[in-house]
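Take a look at the structures listed below.
In the two complexes below, subunit A is the common chain; its partner is subunit B in one and subunit C in the other.
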Partner chain A sequence: MKKNYGTIYSLPLSVWLAFFFIGPTLIIFLYSFLKKSPFGGVERSFSLDAFAFLFNPTVLQIAWMTLYISIAVAVITLFLALPTAYFMAKSRYKDSLLLFIIIPFWVNFLIRIYAWIAILGNNGFINNFLIQTGLVSDNFQFLYNPYAVVLITVYTYLPYAILPLYSTIEKFDFGLLEASKDLGATHFQGLKKIFIPGIKSGIYTAFLFTFIPALGSYAVPQLVGGTSSMMLGNVIAREIIITRNFPLASAISLILSLLTIIGILVFMKKNENEKKAVK
Partner chain B sequence: MKEKKKISFVFFIFTLLFFYLPLLVLVIYSFNEGKTMKWTGFSFHWYEELFTRSKELWNAFENSIIIALLSSLASTVIGTLGAIGIYWYRFRHKKLIQTVSYLPLMLPDIIIGISLLIFFAGIGLNLSLTTIFIAHTTFNIPYVLFILIARLQEFDYSVIEASYDLGAKEKDTLLKIILPIIKPGIIAGFLMAMTLSLDDFVITFFVSGPGSSTLPLHIFSMIRFGVSPVINALAVILIAATAFLALLSKNMQKYIYQS
Partner chain C sequence: MSGTSVEIQGLSKSFDNHQVLKNLSFDIRSGEFFSILGPSGCGKTTLLRIIGGFEEEDSGVVLLDNVDMKNYPANKRKTNTIFQSYALFPHLTVYENIAFPLKIKKMTKPLIKNEVEKYLNMVKLSGYEKKYPKELSGGQKQRVAIARALINQPGILLLDEPLSALDAKLRQHMLVELDSIHDQTGITFIYITHDQHEALSVSDRVAVMNEGKILQIGTPSEIYESPKDAFVADFIGETNFIEGIVQEKGGKFAKLYSETLKTMIEFDMDQSVEIGDKVKLTIRPEKIRVKRENPQKTSSQHFNILKGKVDEIIYHGFQSKFFIDINGFILKAFKPHLSYFEESERIGWKEEVYFWWDADDSFLVEVSK
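Moving on to the complex of A and B:
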């Protein structure tokens, strides 16, 4: 094995990432400490204006809403995904069931959002149905509130949670549950003390795979959320496209990235400790 | 145990219905004669509209295919070489490169999108299909790397040592030994990158310029104006294509979801 080939093989990778990932990330970091220029760019002078603006009550309220929606999404997704993944992992037709779950996951993301607009929209399927049957006389607004954002985000992210849960449950040794029963544990005790701890890493992964993309949501709240359910992603986009306040958009992105990275590090640490504890 | 199975079965059925009912509604209403979600009669009208009078949509589709092919190719080459380097060799900053490579996988899409947008604006590169290509290659690289490293883990290194012992040069070893063995992983990585590229909306939204629309961007602009039966018809075509490809690549799952 000659020593230099490793560098040569990974050279395109390092160069590409340095230019198009590290470079842009550093620019965001830099811009968040600069002053906004009146013409939409930045001025080369140090300023903490962008960070000060983060404590503005409207921004704080949107940050709170983002957190609230993301937690709701992750919890509801987990609640649906856990039994679903359990059933799949214990089924005789695992492979086919897995395919059934993956197919909707591969249908274009926007089409999946659109399907809900077609159903719940003001001129949608349900409203048409309700009016035709005479149950209501006027259109009911199902969309444009935080609940719609949560529902549709759950719909788009559910497979992200099912897949990691499925693969951990599949590896779980169900003999352990039977052993606990033989030793006198009730069904519920077995679940709580053996099964759930046994698939903990899958639960963490599923939570993270839904919580983190939800934090950065843009398309769903933009299309089906109202002004009351604006999320940080929408603020970033607004500051970039409309207000052209690059420092503020950068500062929000920076905070969101830091939160994400801290979340992942905590998760990895926990997972490692878990593995050590098992050994 | 019996009872638990019953509960999980109910959940499973609920999840399936939750997944498929909305799509089913789209399928049914794509054959609706009227323009709204009110059933007025059976017709192929919207398919006709989709295939004969939606020039912009097909332009966007063409762009999507070009970007997907090129960015998947670029990210597969970069990712495969990177995976070989990272998995088999020891060199300076190896751990750092590996960690940084996985970061784009974890950061929310919108952050990658706007950081690239600000970067392109900063270096004075106009937004076009080129910037979309760069963005897609960037977010595809970690996935390819991930799949390829998983594939390399199943690979017996002694084969390569044997090749060196028999006097093969590095180039011959790469082309005649390594690449043929990891070919299934390379194909899986390429297809994964294609899927992600075709599906991406958020990142593309920020790095696209005037005249460089992709299919998801075009769908977005149509959705903003509410229900459109042409999207229903398009959705049916896309769902059918997806299901077809999923069945075709069923044996690829191993590399994608269990690695």
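Moving on to the complex of A and C:
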């Protein structure tokens, strides 16, 4: 039998992942079951305090807000990305359009958030414009609410949704849409019954690529969210940096990771079924 | 089902300043098996797409059953198409693919089931309902495409090079099946192909297209036996062209002098020519007979008898292709292999031979004054 070199080739990455991914995850896992020490560290005794604290109404409320914002972000992003990707895939300038999608990545993420503050803030472009034209007399508060978080997170993750959608749409055989018209379907029926099922895997990928990072948002709600739109990421940071409650921070991280893993597993299962069908 | 008639009037279409269809006008009768034959890029697929409603004409009219199709999109026309790539929906099973048009029509489930089974039977695919397109062979995919296109009971079936993805044996087989489906259903077939054998073997009429124009429309034998155009003669089957200046004419026949053959050639004057006209003749290789001995010409027969040297023989099983050299001009002649007794000694390479053909078998394809 031929020797499988795959294992050897994957060794560097395996070692890397073991040290820097599996290791920390295990530490988080262990920490979440330990007792908080009064001085900010952990005591080596088993405790479910952290998990009990998760059911605290404030945490639950923030968890709900996190889920709400993430789903809103993923859905809105999908609805914006789908027509954009469709247009790009059908355009004769697809290469340059693709470049335009990638360009924002060249600018630091935080700077892009500050750019939004410069646009929407109290002394931002829009407020200045509104006051100068006399449409409003006082500054309008655009920022520091969940809508600002959704808006800016959608902006941030839009390319992550456009790219996988673009690549599936580009591979889609548009002859099938013609065939559906030939067989009596309207354009809309063709899109619904042939096109959307045909690019399903791209839609799943786009959804996960926005939903998962949105779930772990930290910087956006921190900078433009205000107190009303704190997300779990902010709670984790607060628990580590300010309150120094490591077990609670670990427990929340664990829950987020679990949610993510469940999402990925569902996606993989769906994809597998699809592949079986279309094999 | 009954077939829909087609009338095309002054149809033109351009893409990016390149005119692909040039003022086409022709009719297709109801229930006809009509082939459009031409090399790739001749505009035949564009023509089909305009009839199907996938492409809009720049000018001209398409009438289906005498109704102008101007404002009818593809899904409102009585046409269904069999695409070159079959265009089966990959996420749907064979059953769901065939049921698709009926589901769009919102037919009831039992009715759909009934119809799908009927058409699955017709294309001999019963038992494959639950398979996905990727699990099927090329021929099976083709059958699904046929069933799916027919279940809507169209007046016209448009076939865009439907057999080009199949191997030669299967192609023959599917062609016969398509022909029998045509006979069963009675609908009009418009069959696009670049394969002359496909077009000649099943069509009622064939239109030969080149560079956006229809050069000739006729029955397969008309197209083959009496081509009106040098391109048609050359594109369909193999042929020889002989050029020369008309020297004599009288009655049904005329004679030209060929500079390359250094001899007079007699031909059937199916177009009027004048003495001194420059003309081009076509003569099919299988009409030319080859023998060692000089055949005796009787005065009542109009034969062209020439002498040449065998330059090359290509053996083709049932026949041999002779390439005969006459003063450097190569003429093709196909000789079927008859029974052993009739050709006890086969003509060999470099042999001097006589060859001849009936003046009736050569046709004028070009006349310039």
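General observations
In the analysis below, the second predicted complex is superposed on the first by the 266 of 279 C-alpha atoms of A that agree within 3 Å, B and C clash if a C-alpha of one lies under 4 Å from a C-alpha of the other, contacts with A are read in each partner's own complex, and residues count from 1 in each chain.
Note that a residue touches a chain if its C-beta (ideal position, glycine included) is under 8 Å from a C-beta of that chain, and two chains touch if they have at least 3 such contacts.
All of these numbers come straight from a predicted model, not from anything done at the bench.
Subunit B and subunit C, once both complexes are superposed via subunit A, fit side by side.
Shared-chain residue A:176: touches subunit C; no touch with subunit B.
In the superposition on chain A, A:194 makes contact with subunit C only, not with subunit B.
After overlaying the two complexes on the shared chain, residue contacts for A:184 are found with subunit C alone; subunit B is out of touch.
After overlaying the two complexes on the shared chain, residue contacts for A:240 are found with subunit B alone; subunit C is out of touch. In the superposed model, A:219 makes contact with subunit B only, not with subunit C.
With both structures placed on the common chain, the touch criterion links A:92 to neither subunit B nor subunit C. Comparing subunit C and subunit B on the residues of subunit A they touch gives the larger count to B.
Closest approach of subunit B to subunit C, taken over C-alpha atoms in the A-based superposition, is 10 Å.
Those residues of subunit C that touch subunit A in the shared complex are 52-54, 73-75, 79-81, 83, 85, 87, 89-91, 100-101, 104-105, 132, 134-135, 148-149, 152.
By the touch criterion stated above, subunit B contacts subunit A in their complex at residues 1, 4-5, 7-12, 14-16, 18-20, 22-23, 25-26, 29, 36-38, 77-79, 81-82, 84-86, 88-92, 94, 97, 100-101, 103-104, 106-112, 114-119, 121-122, 134-135, 137-138, 141, 145, 164, 170, 195, 198-199, 201-202, 205-206, 215-216, 219-220, 223-224, 226-227, 231-232, 234-235, 238-239, 242-243, 245-247, 250, 253, 257-258. Touching subunit C in their complex are the following residues of subunit A: 173, 175-176, 178-186, 189, 193-194, 197-198, 200, 274, 277-279. Of all residues in subunit A, those touching subunit B in their complex are 1-10, 12-14, 16-17, 20-25, 27-28, 31, 41, 80-81, 83-84, 86-88, 90, 95, 97-104, 106-119, 121, 123-125, 127-128, 132, 155, 158, 162-163, 167, 187, 212-213, 215-219, 223, 233, 236-237, 240, 246, 249-250, 253, 256-257, 260-261, 264.
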